[in-house]
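Shared between the two complexes below is chain A, which pairs with chain B and chain C, respectively.
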Partner chain A sequence: MLEIKNLHARIADDGTEILRGIDLVVPRGEVHAIMGPNGSGKSTLAYVLAGRDDYEITEGDILWNGESIIEMEPDERAAKGVFLAFQYPMEIPGVATMTFLRAALNSVRKKRELKELTTPEFLKLVRAKAAELGVSDEMLKRPLNVGFSGGEKKRMEILQMAVLEPTLCVLDETDSGLDIDAIRIVSEGTTKLRGPDRAMLVITHYQRLLNYIVPDKVHVLAKGRIQKTGGKELALELEKSGYADFTGKAA
Partner chain B sequence: MAAVQETIEQVKSIDVDKYKYGFETEIESEKAPRGLSEDIVRFISEKKGEPAWMLEWRLDAYRRWRALKEPTWAKLHYPKIDFEDLYYYSAPKGTTGPKSLDEVDPQLLETYAKLGIPLKEQEILAGVRKAGEPSPSDAPSEGADGYASMKGKVAIDAVFDSVSVVTTFKKELAKAGVIFCSISEALREHPELVKKYLGTVVPQSDNFYAALNSAVFSDGSFVYVPEGVRCPMELSTYFRINEKDTGQFERTLIIADKGSYVSYLEGCTAPMRDENQLHAAVVELIALDDAEIKYSTVQNWYPGDKDGKGGIFNFVTKRGDCRGKNSKISWTQVETGSAITWKYPSCILRGDNSRGEFYSIAISNGYQQVDSGTKMIHLGRNTTSRIISKGIAAGKSQNTYRGLVSAHRKATGARNFTNCDSLLIGDKCGAHTVPYLEARNSSAQFEHEATTSKISDNMLFYCTQRGLSPEEAIALVVNGFVRDVLQHLPMEFMAETQKLIGISLEGSVG
Partner chain C sequence: MNVTTLRTKAESQIREQFDAASASLPGTGWVSALRARAMDTFAAEGLPSRRVEEWKYTDLRDRLREVPAPAAASPGSVTVADIDAALGPVGAIDAERIVLVDGVYRADLSKVTAEATVIELMSLAAMLTKAPAWLEGKFASDGGPVVSLNTAFMSDGVMLKVRKGQDPGRPVLLVHARTSAEPSAIAVRNVISVEVGGKLTLVEAHVALDGAARGALANVVTDVTLADGAACDHIKCLVDTTSSTHLATWNTKLGKDASYSGFQLTASPALARNDINIMFAGEGSKLDLSGVFLARGSEHIDTTLVVDHAVPHCESRELFKGVLADRAHGIFQGKIIVRPDAQKTDGKQMSQALMLSPDAQFSSKPELEIYADDVVCGHGATCTEIDADLLFYCRSRGIPSDVARAMLTESFIGEAVEKIENEDVREAIGTLAIGWLRDE
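The block that comes next holds the complex of A and B.
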């Protein structure tokens, strides 16, 4: 279970406060969506969960399975099962995608005290998961994300998620910049990963992604706080009325 | 080649404080008195039992050196070297030259074993057997298996301070007609070859350090590959500086006769000391018609501590002469050590259609300063050259690529492609690129590409989010950055590298 308690965070460089007291609970087995206007703090929340050090937590706590993770380094959190699918995945020149996947998986497995996979085991695993997401062998040989289209990059994020088997998945605007076919592939891949042990937080600007990844709950984030929580129908309401109600209010 | 493996591991950890070869061997040594004079030159020459012409050659170099000034054009800052305060000759007691393995001081063998160069074991493992001891792999030397077992072997010349302590696989190489021995031995056994080629690529007065080396060089490797012979194994030399206040001045001479091929790898380490130590080597390569020389270096001299104290001053002149038509010389270097590096492995493309290549990875950290690059001198017609340089600067280091590509008036159809990439880690280091291009005929085509990038926080965060530790993430990104160059290292090296850096998958996917 993910528990976010009265979380306040600011930009480390200039002290601008972005998150102003977030309270949120996502039990294992559930998928929650976070929706909100631009500048509401959605991406900051994703980064803070993953442990990016550009942000400073000034108050509150984040518990994952009852354990506070705010003092942990990003790689320790990854080992604990935290995964962030980036809005803008980074390009790593010269490092074949397969190589990157293997390095990451072995690193995570080592920290989870599991034995490293042999080359044949690993290849079998990756090829099976890649096929489901329509990622070709040729793509796996190319340097990670270098020259990939927007859709290919997002598919690669989902493939990494499938391979690393995290228990807390945070998807940051995974639908941005994708056409409808790409959204479908990415959503199907994500939906397949839903399970009783896994909590998911899907951050999105638009409702359309939630037609494919149907959330258990929808939270509206604006001005650094959760303004409203409801079922999946809340997303449809927002689609009609927009975020004006929330941005107008004082935080 | 475990030493190579560990070198890469060190590259991977990118931490000067983790220098693994910093130990010192307590071994009694015989030294020349401090300082440099004609008498010292005579002393060295006499120790080596050299012919009279060699002594004259050295003395000539010494006199020229006295007239030369230390170069100051490089982007390097270091305290003035007191050339009168160094020892110019130091040898483990009792060694006058290479011996058979049985006679080598066990302590020396142990030193090399500790460095990952098990001279003795290597020979046994690689299958050198006593006469009359049959073995399945000995019998059919042809066929795929025979070839593979041959390929896996590496002959090693081990140089400790000023002398070569042992050279392995000499007999086996002799069968193919290849001469591989220390230069001191070559002067005794093959003086005509040494006399014919020594100093023909790097003349005595070429530069300050080359002149110094010519006067006092002590040992190094000599290779001669006869006409039409493809050297049956990798040759390698392992240089070790041990003695305090001692300079190492090695001299390497490699001759590939018509239509021959040789691949050579050198490795270097030194103990950790607070004082700086001088290393001034000269390497000369000569490729005759249709011959090819591939020369790889893994330079891992002690780089100094994290505050910039100690470390080797590495002033090296390396040059290859593509003397014959269609000849080819390829330099590959992995530079990770030394406090100061001043090194420009170059090619003189004299023969028509000859080709020069330079592939470099230079990594600097702490307070290391690297000023390295190459010169491609196009003299013959339709000569081609290729330069791929990857500089990685971390800590407070300064990393400079300095290169010259020139085409002579008569070098019609000369072509060069240069690519210089720099990668910065952190914000206290510097990367500099200083290319010189000189075309004296209108048909020459030179291309130059350069990039400078930084391992961004975004990239690091992305990698660590996936579970990689920051060190692993940097190693991975750096590996990706240097990939084009790593591919040019000898097979054995590649295999170790891949194993080590955990990128063993590359080959199995493709």
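The block that comes next holds the complex of A and C.
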């Protein structure tokens, strides 16, 4: 279970407060959506969960399975099962996608006290998951994300998620910049990972992604706080009414 | 009026060494005269100091306090296994092999299986001894102080020719091995030519064998001439941790519709100066130069290019990447000249340094001299630390900080290494570079 308690966070450089007391609980087995207008703190929340040091937590706590993670390094969090699918995945020229995936998988397996996979085991695993996501062998050989289209990059994020088998998946605007076919592929890949041991937090600006990844709960984030929580129908309401009701409210 | 040149200790040593050695260096007649002229040309200016613009960042007069004696003839106890051990991954490349030990061509350690109708190979010393008249024209008289010194002292080297329309099919590995247990100086001259439509992949490896003395000095000049339609991939690698000084000069001339891809890996000499001089002499030719320089401690690596677009419709690309740790100093000087006639020239240059320490230093001096009006030329230089966003991305995937840093450093140089076309060579060079990085 993910428990976010009265979380306050600010930009380390200039002290601008972005998160102003977030309270949120996502039990294992559930998918929750976070929706909100631009500048509401959605991406900051995603980064803070993954441990980016550009942000300082000034108050509150984040517990994953009862254990506080806010003092942990990003790679330790990954080993504990936290995974962030980036809104803008990074390009790493000169590092083959396979090499990167292998380094990541072996790192988390080592910390999870599992043995490293042999080369054939690893190739078999990646190829099977890649096929499901329409990621070609050619893409796997290329440097990570270099020259990939927006859709290919997002599929690569989901492939990484599938390979690393995290238990807490945070998807930051995975639908941004994608056409409807790409959204479908990415959503199917994500939906396959739904399971009783896994919690998911799907961050999005638009309702359309939630047609494919149907959430158990929807939270509205604005001005650094959760303003409203409801069922999946809340997403449809927001689609009609927009975020004006929330952005007008005092924080 | 008498002009007295103030000599440094090193300059005096060079003159004394020349006087002592000149009688025993290969060649008589015009060869001796050529050597004596080159010595005089050198002596007139002496070692270049920072007051000479091209040597602004590498003050050789100041840095070269003493010059070791020319290498004595090697005792001959070197084996193929010794060479392989020093070459590491480069030794595993399937290649024709030519070996020079302490500046002397060694037929016993070389193995060239290509037919004489494909490749012609001669020892330079043997040619200097024969001294045919046509050979004299191969030695430029205005190559600068380092080339003059090389001409004065050159002990040997190879003359390698790929015949018209021929392709040896596999790379030619030219090994410069150093064994001398005493600090010594070598001067080697290689003369490479690829005739019309010929193809060559040449890998120059500079290695110190186990037990070789520290503080050696190597001066290696490689002249490459590509005839019309010829193609040459020229790769040089130096991984030397014996505190040596490495002075290397490439002089390459491209004919019409020729293509030349040069790559240099330079890791950990005490001091290296890589001069690369490219002359476009025929239209429609392509140049792709790249390199990686890796330095730590107080190591100093200078790469200085002059690309001369003397004719129209040629394309040049340069990409050099450096990784600098501790107090190391990396230098990149890249001059592109576009002559008045050289319309439709397309030139792009980039130099990038990754700084692993706040005390490391990178000096970059791009120079464009453009006299034609219908050209596309650009240059850029960057000096960065490891990208924090990329580091976070890797770590968010569970990759620990030190592994992620190593991976990103490898990624940084990978872009240049990927320019090497031959897969075996690319992998061997990549392995050498990564080996250096992981030694951090």
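In the analysis below, the second predicted complex is superposed on the first by the 251 of 251 C-alpha atoms of A that agree within 3 Å, B and C clash if a C-alpha of one lies under 4 Å from a C-alpha of the other, contacts with A are read in each partner's own complex, and residues count from 1 in each chain.
We take it that a residue touches a chain if its C-beta (ideal position, glycine included) is under 8 Å from a C-beta of that chain, and two chains touch if they have at least 3 such contacts.
Treat the numbers as computed from the prediction; the structure is a model and nothing was measured.
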For A:Leu2, select first, second, both or neither according to whether it touches chain B, chain C, the two together, or no partner. neither
By the touch definition at the top of the document, which applies to A:Val108: first (chain B), second (chain C), both, or neither? both
In the overlay, answer first, second, both or neither for which of chain B and chain C A:Ala162 touches. neither
Looking at A:Asp137 after the superposition, I want to know if it touches chain B, chain C, both of them or none. Which is it: first, second, both, neither? first
Which superposed partner A:Leu210 touches (first chain B, second chain C, both, neither): neither
Greater residue coverage of chain A in the superposed arrangement, chain B or chain C: B
Going by the contact rule set out at the top, does A:Ala199 touch chain B (first), chain C (second), both, or neither? neither
For A:Leu123, select first, second, both or neither according to whether it touches chain B, chain C, the two together, or no partner. first
Give me the intersection of chain A's contacts with chain B and its contacts with chain C, in residue numbers. 50-53, 73-75, 77-79, 83-84, 86, 89-90, 92-95, 100, 103-105, 107-108, 111, 143, 160, 164
Looking at the complex, which residues from chain A come into contact with chain C? 50-53, 73-75, 77-79, 83-84, 86, 89-90, 92-95, 100, 103-105, 107-108, 111, 143, 160, 164
Sort out for me which residues of chain B touch chain A in the complex. 456-459, 461-470, 472, 476-477, 479-484, 502-506, 508-510
Interface with chain B, chain A side, in the complex: residues 50-54, 73-75, 77-79, 83-84, 86, 89-90, 92-96, 98-100, 102-108, 111, 119, 122-123, 137, 140-141, 143, 160, 164
Touching chain A in the complex: which residues of chain C? 389-390, 392-401, 403-404, 407-408, 410-415, 417-418
